[in-house]
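Once you've had a glance at the structure underneath, I'll fire off some questions.
Think of it as A, B, C and D in the order they're written, each chain with its own count starting at 1.
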Amino acid sequence: MAETIINAINMALTEEMDRDDRVVVFGEDVAETGGVFRATEGLKEQFGGDRVVDTPLSEIAITGGAVGLAVFGLRPVAEIQFSGFLPPAFDQLVTHASRMRWRTRGQWSAPMVVRTPYGAGIRALEHHSESLEGAYAHVPGLRVVIPSTPYDTKGLLKSAIRSPDPVLFMEPKHIYRSIREDVPDEDYEVPIGEAAVRREGEDITVISWGAMMQKTLEAVDRIDADVEVIDLRTISPMDRETVVASVQKTGRCAVVHEAPYSGGWAGEIVGTLNDEALMYLEAPVERVTGYDIPVPLLSMEDYYIPHPPRIAAAIEDVLAY
Amino acid sequence: MAETIINAINMALTEEMDRDDRVVVFGEDVAETGGVFRATEGLKEQFGGDRVVDTPLSEIAITGGAVGLAVFGLRPVAEIQFSGFLPPAFDQLVTHASRMRWRTRGQWSAPMVVRTPYGAGIRALEHHSESLEGAYAHVPGLRVVIPSTPYDTKGLLKSAIRSPDPVLFMEPKHIYRSIREDVPDEDYEVPIGEAAVRREGEDITVISWGAMMQKTLEAVDRIDADVEVIDLRTISPMDRETVVASVQKTGRCAVVHEAPYSGGWAGEIVGTLNDEALMYLEAPVERVTGYDIPVPLLSMEDYYIPHPPRIAAAIEDVLAY
Amino acid sequence: MAPNTSEAAVDLDAPWISQEDLPVETYQIIDEDGTYDSADVPDLADEEFLDLYRWMLVEKRYAERMIKLQRRGQMGTVGSSRGHEASIVGSGYALQDGDWLLGMGRETSAMLLRDVSLRDIILFWRGVEDAQRFLTEQNCMIGISVGGYLPMTTGIGWGMNLTDSDSVVTAHFGDGATSTGAFHEAVNFAGVLDAPAIFYCQNNQWAISTPFEKQTNANTIAQRGLGYGVHGIRADGNDVLAVYDAMREARKLARAGHPVLFEALTYRTEGHSTSDDPTEYRERDAVEEWLERDPIERYESFLKSKGLWDEVDKDALVAEVDEEFSAAVEAADEYGPRDVDELFEYVYDDLPPILQEQLDEMERELAELDDLEAYIERRPKG
Amino acid sequence: MAPNTSEAAVDLDAPWISQEDLPVETYQIIDEDGTYDSADVPDLADEEFLDLYRWMLVEKRYAERMIKLQRRGQMGTVGSSRGHEASIVGSGYALQDGDWLLGMGRETSAMLLRDVSLRDIILFWRGVEDAQRFLTEQNCMIGISVGGYLPMTTGIGWGMNLTDSDSVVTAHFGDGATSTGAFHEAVNFAGVLDAPAIFYCQNNQWAISTPFEKQTNANTIAQRGLGYGVHGIRADGNDVLAVYDAMREARKLARAGHPVLFEALTYRTEGHSTSDDPTEYRERDAVEEWLERDPIERYESFLKSKGLWDEVDKDALVAEVDEEFSAAVEAADEYGPRDVDELFEYVYDDLPPILQEQLDEMERELAELDDLEAYIERRPKG
């Protein structure tokens, strides 16, 4: 059946809770109402109030609580209501979740998932639109995953829940309900750490993830060239092999993300191409990104988001170089 | 007189407190003892307990308190005892300090400094050795500064205190006392946002900052080539012009930092060179960095730190490419 | 699975303290039936008593009209303050010129009392960046990240001490905010600094769908003050006189170097915001109960028995308030579009080269890519 | 510049609560003079009373010997627990098999009581990564970032509830830690969850150079429990029986779904660590005063009046304990060097390609750059 990303999240959570009773879901407003985006709808009814829990307004305790549950052998899936409210818990990710296995030489670990909707485009107040994946992805020990399709969302979230490592699962809320595709009822995983080649092409490689994938595909449709499109899916540790192989083939590349330009993950991708494919490059890699400013408030945010016309123009620039 | 970096910090603080009675210094253990590294020694005696304050063990309140003081018209200089204890305050930097001017369209602002010693090499416990400048530098509105010499330290810290923008001032604690140079008694500023060309050369550009500068210079001394050495000094917003001009001249580049490789600031520098100097590059840029692991504890940390032999080998690789 | 905490109490010899050892009274002047003891009534002039009433009507009509605007698509998501009128107005009325007020969006009339204009509050909820410029001109700010602005509040109070100011700083926040680490560090540090800060919690017993008893196991927020060595109080947040009177004392305490943790007990009788449907998570009964304790009706009884009701022409007042609101909406509607280059301003004091480059590029793209503006235009606006 | 808080009290009508409304008793069994009421003495066997004594000697000798090792360059920076012996041993002794203990480094014998080996504690302070593997095998961990492991403590307690475990989790931390946001969110959430968690604060009245009265304006840490609706207690941290007895009750409370905030009042009679010189920031007098309240001497009086002292051969005990320490140092010295590839292990469950690449590169460099190992060898080791 054709499902949205939100549905896919719900399916993954439901199936994993059903499959493994160590899975516990919690966060602000996730239980009684099913979350502000309804991602956790029905879970409390189905799995009860011990495994689906509304927490106090405590991002530190939600994230740190997940670390403790994970260390104790459970499989916590915590929700942070908006990624703009994850920074209070940055320390818990850096200082504990990401290094529990390392600190204890494998004796303890933190197999936990922190789900959080990120990105602009939903006409919200301050702090509801940011994309900080680049900062989190710089933390060793953490896996940062961003799906862009309903199918992948289900499979990746399942992999995240089963992952022995902590996973920060950032959800593209802008497209939570705007795209639909068939999402099988069966159990399947989409492996963490593998990028997807969405379209094969010879002329240029365009790399993106999350909500920007849709815009990228829309942009590519406007372009008269044979474009290879890669959905990175896992930001860190990323699938360097797929990225490098593609650019070695096409010789040209553009990276599209919503986060600010300076220090964004596109820089890491360019760095990787520099390391592994520099001499294949026929043109500079274009980074099509947000600007180095806070995301504007709702009345102006569209000037910030890399929309298809901008992306298409950038791709054409690279092709024309 | 030949002074250390620690002395230079102390001089800058003393002179700025003397010059501007809006300057307030605070943090854990900064007043009575002068801080665990003695950077604030003597300030309380000279300027009194109202302007030099020992705080509770509250990184959030130290950083957020600085935001409030700054908004109210004071010039707070907060110390976070080790940069490994800054993550609890990440939210205060992201959500308030960096965007106060933006949020209020210039009506309020947060002219504040957060000083914090960063980096490995002092044989310390966990969380005392990290380098997360790359994550902070990705936050629009924040200026991230890292000095590498006593002279610059004094001048940059003065600029930071006088800066109308919030400055995260990361101090290379590994070389706090290991290098000395003349630091004039007079008032001078070293401008934020300008890199320094430490040595001029034609064959290759080597870029570094902080504690890695010393190691880089040591490495360059081992090499028989005409090396241009750039001390970035301000990580963000960085001096792209100096970096780009140098590499356009030399055609080769290596970047040295202590932070982990993936998502480190070297990626941003490679990205910049890709944008502005790709066709000048005769070899891939080498990123000589820490590994994508937590900094090892004291018994093994030296295997993590990019030491001169590693740096020299990398430079030679680029030269030989 | 949780242990059965209703089990017979554990046998204890040591001198344990629990919240049962410290019953917390709720300060009230006008009781639910509208009766009061004249001796307790704060010493206000008649116009001031009437003024309080007018402000509560402002708050109420504001909330009602904002939601209507939102339903008509002329407003982003907004929260309703229905039920909080006494708590908002009573606290705001006790502040003085020069005082600062940081809030979270559910304290409009307290900000209007600080000379913020209604137009600017409307602009705020429409996501117009300039709104906070105007708020901060009046030393007011709205913080969207719950609790995060409380350390800053402490810093402002600290600044007041350092500059011998005779003002106070007040932060308004909800019961949910009290569970944040930022709250804790802020109030504790304020206690150490003797900062002239009033931490004003509107305990409306809900944080979106989370009821107060899931927010904390403590019976009250006020008692938390003890843990910081600051003065605590719980006032009936539906009794405007109790709130006002205690807030006046709070201001004095704060000025004397005693920060205050103030809990106004009230109830959010509507949804958290226009995107929230409270019937999903709570029974109508409790709501009904609290609707009966309506702060405005209670104050009307007071005005009646005080002999001031005759001076009130409620219909005229409402009409007047409505007109003010309409005028504010008009002014907000007229507030012109901003230039896109404003997006790049105010990030730094100057425009660093990289921002200048990005701005130039954006302007070039907007000019050259003929479908970019069109694309943006077509995007849904709400 | 701070307002003069000693000014005449502000005139107050409203029912303000302040910490004066709740005097907090300090639980004591053996008083400063060593006298006690037999009825209050916990019901322990003679060997257990003697065991407590031995453990306190262990803690004391451990602290003394560690500092000596450090001075000789055989140890990184270490903290001293001198003065804390009763607080550490009394709390650790009340725990049971299966209980978890997260600490901050000043609770060694409580961990030894959890079957952690002394060798591994020594390895920890030498910065050997493997140490925490051995600690965690015994459900113990040391967290270096102050307060940050308290939310995790709550999570572990929560896990115990979810899995019908009958253990408790204890976190040991200092007075400084109570000022962190992490502390607040952790204890509050534990209260909501009815988690079997004991938050054990060794209030030694200093956080490095910061005295307790600058850490908070509250008189005690125990009273902070009220704000979370958890049980609070302040015990004399220099009275091992009081600590033990109250901790036993704390454990029962925790098991009954009542988390506990436990304050053991003690004093850090030496420096914060070997890098700290306390004469810089405090008068010798206060230290002297607390030295007189030495927990071990006090317990010796108890053993004497209880008629158990005859069974103690202190010199022999000390010799025995010293031998254990020496053996542990020897074992630590023998603990072989680790392979450098271990640095890359345990970051992730597997070795992602980028780490494999980096590891290969490191090994290649170590092999090929003949001066790299030499350079590292030459670097100062402490």
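To be clear about the criterion, a contact is a pair of C-beta atoms (placed from the backbone, for glycine too) under 8 Å apart; a residue touches a chain by one contact, two chains touch by 3 or more.
For reference, the UniProt names are A, B = Pyruvate dehydrogenase E1 component beta subunit; C, D = Pyruvate dehydrogenase E1 component alpha subunit.
Please read these numbers as outputs of a predicted model, since none were measured by experiment.
Both chain B and chain C are touched by A, D.
Interface repeat of A-C: among B-C, A-D or B-D, the matching pair is B-D, sharing over half of the residue-numbered contact pairs. Centre to centre, using the average C-alpha position, chain A and chain D are separated by 39 Å. The geometric centre of chain B is 34 Å away from that of chain D, both derived from CA atoms. Spacing of chain A relative to chain B, judged by their CA centroids, is 30 angstrom. Within chain C, contacts with two or more other chains are made by residues 1-2, 129, 145, 148, 162-163, 179-182, 185, 188-189, 192, 214-216, 347, 354-355. Multi-chain contact residues of chain A (touching two or more other chains) are listed as 50, 55-56, 58-61, 84, 88, 91, 95, 99, 102-103, 126-127, 140-141, 237-238, 262, 291-294.
Chain-to-chain contact here is organised exhaustively, every possible pair of chains being in touch. Contact residues on chain C toward chain D in their complex (touch as defined above): 1-5, 7, 9-19, 21-22, 24-25, 27, 40, 161-164, 179-185, 188-189, 191-194, 196, 214-219, 222-233, 235, 242, 245-246, 249, 252-253, 255-258. Per the touch definition, chain A reaches chain D in the complex via residues 24, 50-51, 55-56, 58-61, 63-74, 76, 88, 91-92, 95-96, 99, 101-109, 140-141, 143, 163-165, 193, 237-238, 240-241. Against chain C, the residues of chain A that register as touching in their complex are 28-29, 32-33, 36, 50, 54-61, 84-85, 88, 123-128, 261-262, 291-294, 296-304, 307-310, 313. Against chain B, the residues of chain D that register as touching in their complex are 1-2, 76-77, 126-129, 144-148, 176-177, 179-182, 207-210, 214-216, 275, 280-281, 338, 340, 343-344, 347, 354-355, 358-359, 362, 365-366, 368-369, 371-372, 375-376, 379-382.
Only residues 84, 87-88, 90-91, 94-95, 98-99, 102-103, 126-127, 132, 134-135, 137-141, 236-238, 259-260, 262-268, 270-271, 273-275, 278-279, 281, 283-285, 287, 291-294 of chain A touch chain B when the two sit together in their complex.
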